[in-house]
Each structure stands twice: as structure tokens, then as C-alpha cells.
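In what comes next, chain A is part of two complexes: it sits with chain B in the first one and with chain C in the second one.
Take a look at the complex of A and B:
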């Protein structure tokens, strides 16, 4: 439905978006996830036509819209600051796109009522935006977009101005609406939890470049760059040295196919396992008990802080001495995934 | 329970008293004069009150003419100014073009220029074009007077509109013109109306330019007042003063309601 090819944007000397390719299938919700300033909003604005691109193309439903202004593109955008027109009633806000399309008054009225009903605000038409709560205002902004039936719905951090509880609730609603109506959505967020929860696929962005595109679970299981490893989910990242085919992870030399030199090793908290003997000696610093699992902050002899997640019944009081081994380690060189190590008992003993 | 009087309260009262003396005092004197039929020394208040001078003034043909010419000049000059300045203000607020900031400063610089000298220079030019002593001559020179209010306040008002409001409308398919008419203009409307009123009232009371460019054929209210003030019977001028003051004060109150103090302040570059 949406096809982005080689899209680029520079602001002076700064490359905001660097030759980006991305596809969003019909009925799919893709999240653009990244820290602030990574270029995700700029990319979204170029899809909307609100920012001009320097190179590349945007095609929507098979039509190249790169040269078209925002008002001719079949997109609609929900802004972070709901951007409702305060001098118009809710109904008039929602009707705007239909009035622009010169639809008959009776049809406008019918479709506005239907759209407000869809977002759970039936009967709110006569109110002014100043009489709405933050969540209601954002729902009206959503209705204002849905009513024109855009081919692609764009959402630019739509819930980040709301409190956590409301945010989670609206996220659910958007996901439900997207499934029910088969909406195609490109959704920008800096919140990885939000992305994991709502997206069919996540496109992680950093420094104007797409780092990795994949299903939420995929990104967690197979982070292909060091940035994704650190940004999506918790990961114990630390520099390691590779010498003579072995990576030295806190005194444990693990065999790798990597050539000699520096690298970064990543271990997920649930991939650190408590063992009776061998492994790396550590001390328990802090324990967070979630009930279903415990997250433990450990300190190694050299002061390295590690996080471990366990569902086991070990005695984990702060100050206790433990031995841990990594079950699975990913190695990055120059920011890119270079090797995945699954050490066996023999490796750890060595 | 003995209540200590806060020094700040005392200072506040002193300031209030001074303000009354210097601001309200003169205005009150003029208003009292307008209703004084006889006021002999050394009485603190008029010895005879009444509307005699009001009847005289409202019956005079030159007063009626001055009022209508004043309103016509103020309305024409302010409206023309709005047609020129508001689009310019939008450009200053939204568009990026070379020399934007210096140009905006130029309006402030023009405002600081000694007005009388400026008007004399304009009068010399107008003489050549036979504009001196004409209605349009006065309108044109008044236009210069309104520029500051009509550029700076609207620029601040347009700048205060979040770009997302306009982008949302554009994104939903509206043309640039439609976005301006349906979103930008209504959002800026209160501040625009306030700038219009401030410029209108300013024009209504302007003396220097009217005197230099309008005299002797065009005699708006302030000019008539000026000539009346120099006469023995002060009440004529006082009545005229009150006639001008009441609607102007009402308009200024309205403009204050329309616009927050912040918009005014940022309009003036604060």
C-alpha cells in the first residue's frame, strides 16, 4: 500500500533521513521506532507531503505521489498535539475533510456521526475542543482522519502527551480499530513498549537510517545491529576483546568465528543462568520482584553491572554471592551483528 | 487583634493616589468642565451644572462635519492598512525570506523617527502631487501611523498559531487559501480585531499629520478641538473631548478583551 524508496532529507549538513526503503502492506500497522531526533518524524512528514524530500520516491496504492503536495495525497495524519481547530465544534472539525471534498450535507452529517461513534464519542459533536479531555481530543483527531477514509493513516507520537494509563488504553483502541477496519497505519513512537504492543512490524531508526525492520518478537530475538540490541528490550552490552578465536566475556573465553579485535557482546537478562559451580562470580546488588519473575542487578568482580531475569526459586538476597553463565551471547563488530554464541558446558569450563 | 500594615500595602496606596492625581485627575477635570455652565474662582466645583454647551456643540455644523470626516478618515486609513499589513504580517510570521528580520525592525525604526519631521517631509512630497488639503492625502499619511500596530501585533498573532493546525487542514485536502480562510484567519481573528481597534483609535486622535497635511480644508475632530481650546470658553473643547473619549475608551476596552496582554507584549517585541 505504501512504498518508500531511497527517501532522503538533509537539513543543512545534517542528514535527517538517509536513503530509506520501507514498505507497509495493506491493513498493516508499522511502527517507526527510535530515539528523538532519529528522523522518524521527518520520514512520516515526507510521506504526508508536509516536508519535501531531497531524493527518493513515495508511492501510495501504486501511485507515485512524490511530487504531490500534502493536500492531494491520500493520507491523513494524527498529530502529537491533537491539532484540533479550537474555533470549530467537534462535528465541524470532523466534517472538515468531507466539506473540502464537497460531499452533500446529509452524507457529511451521517459520516461524521459514524466516525464519532467509531471512536466512542457519539453525541459529542456540539462540544468545543476546549471542553474535551486530552484523550477525547486525540480521539476526535483520529475521527477527523478516519472520516476521509485515507489509504494510509499516519500517526506522529499521538499518545505521548497523555498519561501512561490513558496511553495504554488508547493504544488498545487504535489496534482494535485497525484490525476491524483493515487500516494501513504508519505509526511513529519513541516508546519501545508501545511499538511492541501495537505494531505488526517495527522499523527501528537511528541517525536517519533504518536499523532493522521486523516483527516485534523478531527484533527482540535477533537484533541485527548493536543499536537495536540496546534499544529494544533489556540487553547486557559490554565491550569484549577477541583473541585467537575466543571472546573474553568477564574472564570466560568463548569460541567465536570472529577475527581478532574489539567487539561488543550482548546477553539478554533471561539468558544469564545461575549455576552451582564455574561461570562468572558475581554479587547480588538489587532484586525487583515482579511476582511472575525477578529481575536482579548483579555486580561482577571488575565492577561490571549485569542484569539477570529469573523465574527460579534461588535465594537472592542483596549481597549474596552467585555464579552465572551466559546461555546465549550476540557479538557485534562495527555496530553490526557478527556472531551468535551458544556456549556449551565445555566452553564455560575453559 | 492589632493588624500590622504591610509596607507594600502603603506603597501600593501611594502609587494609586499618584496615578489618580496624574491620570484620572486631568480626565476628570475635562469631564467636569464639559458639564459646567458656570465655574467661578475659587470654587472647587462648578457653580452651575448643565447641558448648555452640549446643546451648542451638537448643534454646530462644523462639529457634525468634523465627526463624520474623522470617522471616514479613520475607517478608510485603518481598513487600507489592514489590507496591506495583515498579509504582510502573515508573510513575516510564516515565510522565510531574506531580510525578514531587518524589515520587521524597519517598522520599529520608523515608529521611533520624530513624527513631525517625517510629516513635513511627506507634506513636501504631497504638495507636488496636490495631495495636501485632500481627504486621501490625510488617509495616506495616517496609514503610516498605523503600520506598527498593524504589522507587529498580527505578526505575533500569526506566529502564535501552532503550525500543526494549518498542516492538519492541508493534510485533509484543503487548498492553501482554504486553510488560511478557515483555520489561520479565525485563529488570529481576536488579535487582528484588537490591532484594528488600536490603529483606528490612534488615527481618530492623531493631530500632527492632520494638521500638516489636512489643513485648512480637512478638519477632523482633533483639529477642531485644537482651535477651540485656544478660545476663552473652554467648555466647547471639553464637550468635544468627552464626545471623542467615550467611544474610544469603549473600543480600547473591547480590544483588551479580545487580546491577552501577552499577545500585545509579544506584538511590541517583548
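Take a look at the complex of A and C:
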């Protein structure tokens, strides 16, 4: 449905978006996830036609829309600040796009009522935006977009100004609507939890480049770059030295196919296992009990901080001495995934 | 009980002191307003409705009847209203265009236009009028330039109704530009982008998104410009025709040259009533817009 090829944008010397390729299938919700300033909103604005691209193409439903202005593209955008027109009632806000398309008044009235009903705001048509809560205003903004039946719905951090509870509630609603109506959505967020929860696929961006595109579970299990490993989920990342086919992880030499040189090792908190003997000696510094699991901050003898997640019933009081072993380690060289290690008991002992 | 009573008294004293300080601060400007404006204005109004006959002074609207019966005075009033309305409409149209450009334009040209639009604010009316006469008047710079490129038959606007019109537009631009630019700054970029995103073109965005959101600024600018032009003296005196005259010039001539202060007072009260009507309309529109 949406096909982005080699899209680039510079602001002076700063590369905001660098030769980006991305495809969004019909009925799919893809999240652009990345830290502030990574270029995700600029990419979204170029798809909407609100920012001009320096190079590359945008095609929607097979039609190249790269040179078309925003008002001719089959897209609609929900902004972070909802951007409702405060001098218009809710109904007039929602009807705006239909009036632009010169639809008959009766048809406009019917579709506005249906759109407001869809977002749970039936009967709110005569209110002014100033009489709505933040969540209601964002629903009106969503209805205003849905009513024009865009081929691609663009959402630019739509819930980031709302409180955590409302944010969670609204993203569930959006996901349900997307499934029910088969909407194609490109959704920008810096919140990885939001992306994991709502997206069919996530495109992680950093420094204007797409780092990795994949299903949420895939990104977590197989982060292909060091940035994705650190940004999606928790990861214990630390530099290691590789010499003679072994990577030195906190004094434990693990076999690797990497050539000699520096690398970065990553271990997920749930891949750190508490053992009775052997392994790396650590001290418990802090314990956060989530009920279903505990997240423990550990400190190794050289001062390295590690996070461990466990569901086991070990004694994990702060100050307690433990021994841990990594169950799975990923190695990155020059920021890219270079090797995955699954050490066995012999490796740990060695 | 005694302590509580003491505290209440102290609180009352503090509140009274605060109120008294507030009144003291406004006392001087209020006194100036009363002595120099309100009192003479009230006296003038009273004097225009008192006619002294053989039976002594009596209340009468004879002076006003005489004013509206005089075709010369009527013509001056109508001319002033038309000149003010036309100049105000033109000033607002140009100021709105400049303000929209300043709000949404980018680059160095925006700063240049901003400076040029505000420049007349720092030029006294008499200097502006004199400069415009030198530029637009017979054998002025504009005529010379036209003749240099082979265009002849130039009819100078100097001493015609077009003369003060040009002066008013040039002199009147900065204030509404400032007011409208401030008003447009309140309209967020996202509000404009949302309309564009939903398919609206420039004209619809201007009509349905921008204009309704700067209505209040437009009303403020309109009343400021209208009142300023209607009561002006220097520009119509320097650049306008001998007849008809703007009310300010008419009043001055009636008072000074014709030595008829009571007629000048009637003209002043009529002018004041026109301005009061505009002020009332402005307040009503503002209240309606707020609702």
C-alpha cells in the first residue's frame, strides 16, 4: 500500500532522513520507533507531503505521490497536539475534510455521526474543542482523519501528551479500530512499549537511518544492530575483547568465530542465570519486585552493573552475594551483529 | 477569641491598605483624564445643547439641526466617513496580507518586509505628509520617473481625496500589522497543516482557519485604524482638497479662521458620537465573538 524508496532529507548540514526504504502492506500497522531527533517525524511528514524530500519516492497504492502537495495525497494525519480548530464545533472539525471534497450535506452529516460514533463520541458534535478532555480531543482528531477514508493513516506521537493510563487505553482502541476497519497506519512513537504493543511491525530509526524492520518479537530476540539491542527492551551491553577465538566476558572466556579485536557483548536480563557454583561472582544492589518477576541490579567485582530478571525464589536481598552465568550472548562489531553465543557448561568452566 | 478578632482586624487593615494603594496608583492618570478630557468634553456637550434666547438659556438641539441642515457640513461629514472607511478597509487588507506573509514566510525577505512595514511608525505624520507631497505632488519624484520612462499625463493625487487616502494607508499600516502578526502567532502550524492534510487549498485555509482565529485582532486593528483616521488632522490638512474637508480640518478652520467656537464644538460632538458608535460596535462584536 505504502512504498518508500530512497527517501532523504537534509536540514543544512544535518541529515534528517538518509536514503530510507520502507514498505507498509495494506491493513498493516507499522511503527516508526526511535529517540527524539532520529528523523521519524520528518519521514512521516514527507509521506504526508508536509515536508519536501531531497531525494527518493513515495508511492501509495501504486501511485507515485512524491511531487504531490499534502492536499492531494490520499493520506490523513493525526498530530501530537491534536490540532483541532478551536473556533469550530467537534462536528464541524470532523466534517471539514468532507466539505473540502464537496459532499452533499446529508452525506456529510451521516458520515460525521458515524465517525464520532466509531471513536465513542456520539452526541459530542455540538461541543467546542475547549470543552473536551485531552483524550476526547485526540479521538476527535482521529475521527476527523477516519471520516475522509484515507488510504494511509499517519499518526505522529498521537498519545504522548496524555497520561499513561489514557495512553494505554487509547492505543488499545486504535489497534482494535485498525483491525476492524483494516486500516493501513504508519505510527510514529519514541515509546518502545507503545510500539511493541500496537505494531504489526516496527521500524527502528536512529540518526536518520532505518536500523531494523521486523515484528516486535523478532526485534527483541534478534536485534541486528547494537542500537536496536540497547533501544528495544533491556540489554546488558558492555565492551569485550576478542583474542584467539575467545571473547572475555567478565573474566569468562567464551568461544566465538569473531576475529581478534574489540566488540560489544549484549545479554538480556532474562538470559542471566543464577548458579550455585562457577560463573561470575556478583553482589545484589537493588531489587524491583513486579510480582510476576523480579528485576535485580547486580554489581560485578570490577564495578560493572548488570540487570537480571528472574521468576525464581532465590534470596535476593540487597548485599547478597550470587554467581551468574549468561545463557545467551550477542556480539556486535562496528555496531552490527557479528555472532551469537550460547555458552554451555564447559565454556563457562573454561 | 481576642487573638482571632485581632487577626481578622489585621487582615481587614491589610486589604484596605492594598485597595488604597491601588486607587493611589491610578489617581494621577484618572485626575488628568478628568480635568483635561472628560470635564471639557462634558462642558462642550452641555454648551451645544443650551441656547440662550430672549427668555434666557434653554435646552435645545438647534445647533445640531443647523449642522445637519448645512449642506457644507453634511458633505464634510459624509466625506470623512467615506474617506475613513475606504482607508481603513485598504489598510486592513494590506496589513493582513503583510501579517500572513510575516507569519508564514521564511528567509531574509521576511525581516526586510517586517522592518519596512513598521518604518512609518517612527515617522511623524507631518514629515510623512511632506515626503509624500514631494514624491507624489506635481513635478514630484514620481512624475519625473514616469516621464523618464516616457509616460506622460500624470494627474497628481495631491490636494484630491486620493492624497490623504495614500497618506492614511502609509501612515496607518504599522499598528494593524503588529496587532495582526501577534494574532496570527496564536494560530499553530499544526492547525494549518491539519487543514492542508485534509485537502484544503490556500483560499479555504485563509477563509476557514486563519481568518476566524484572528477575528479579535482584526476588530482591534479596525477600531484603532478607524478612530485614528477619522480624528486625524495633519495628513488631510497637508494633502487633502480644500473642499470637502475631513472633520478635524473642518473643526480647526471653524474654530480658528471663522471664529465660531460653538459650531466647532458641535462638529466635535458629532465626530465624538461617530467614534462612540464605532467603539460600541467594537465592544459588542468582541463580546459576541467571546460567546
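The definition used in the following text is that the second predicted complex is superposed on the first by the 350 of 350 C-alpha atoms of A that agree within 3 Å, B and C clash if a C-alpha of one lies under 4 Å from a C-alpha of the other, contacts with A are read in each partner's own complex, and residues count from 1 in each chain.
In the analysis below, contacts are C-beta pairs under 8 Å (C-beta built on N, C-alpha and C of every residue); 3 or more make two chains touch, one makes a residue touch a chain.
This structure is a prediction, so every number in the text was calculated from the model and none was measured.
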Clash-or-fit label for the pair chain B, chain C on chain A: clash
Chain B versus chain C as contact partner of A:77, first or second or both or neither: both
Chain B/chain C common contact set on chain A: 48-50, 69-72, 75-77, 79-81, 83, 85-87, 96-97, 100-101, 141, 144-145, 148
Touching residues (chain side chain A, partner chain B) in the complex: 48-50, 69-73, 75-77, 79-81, 83, 85-87, 96-97, 100-101, 141, 144-145, 148
Chain A to chain C touching residues, read off their complex: 48-50, 69-72, 75-77, 79-81, 83-88, 96-97, 100-101, 141, 144-145, 148
Residue ranges of chain B touching chain A (in the complex, touch as defined): 162, 164-165, 167-176, 178, 182-183, 186-187, 189
Partner chain A, residues of chain C touching it in the complex: 188, 190-191, 193-201, 204, 208-209, 212-213
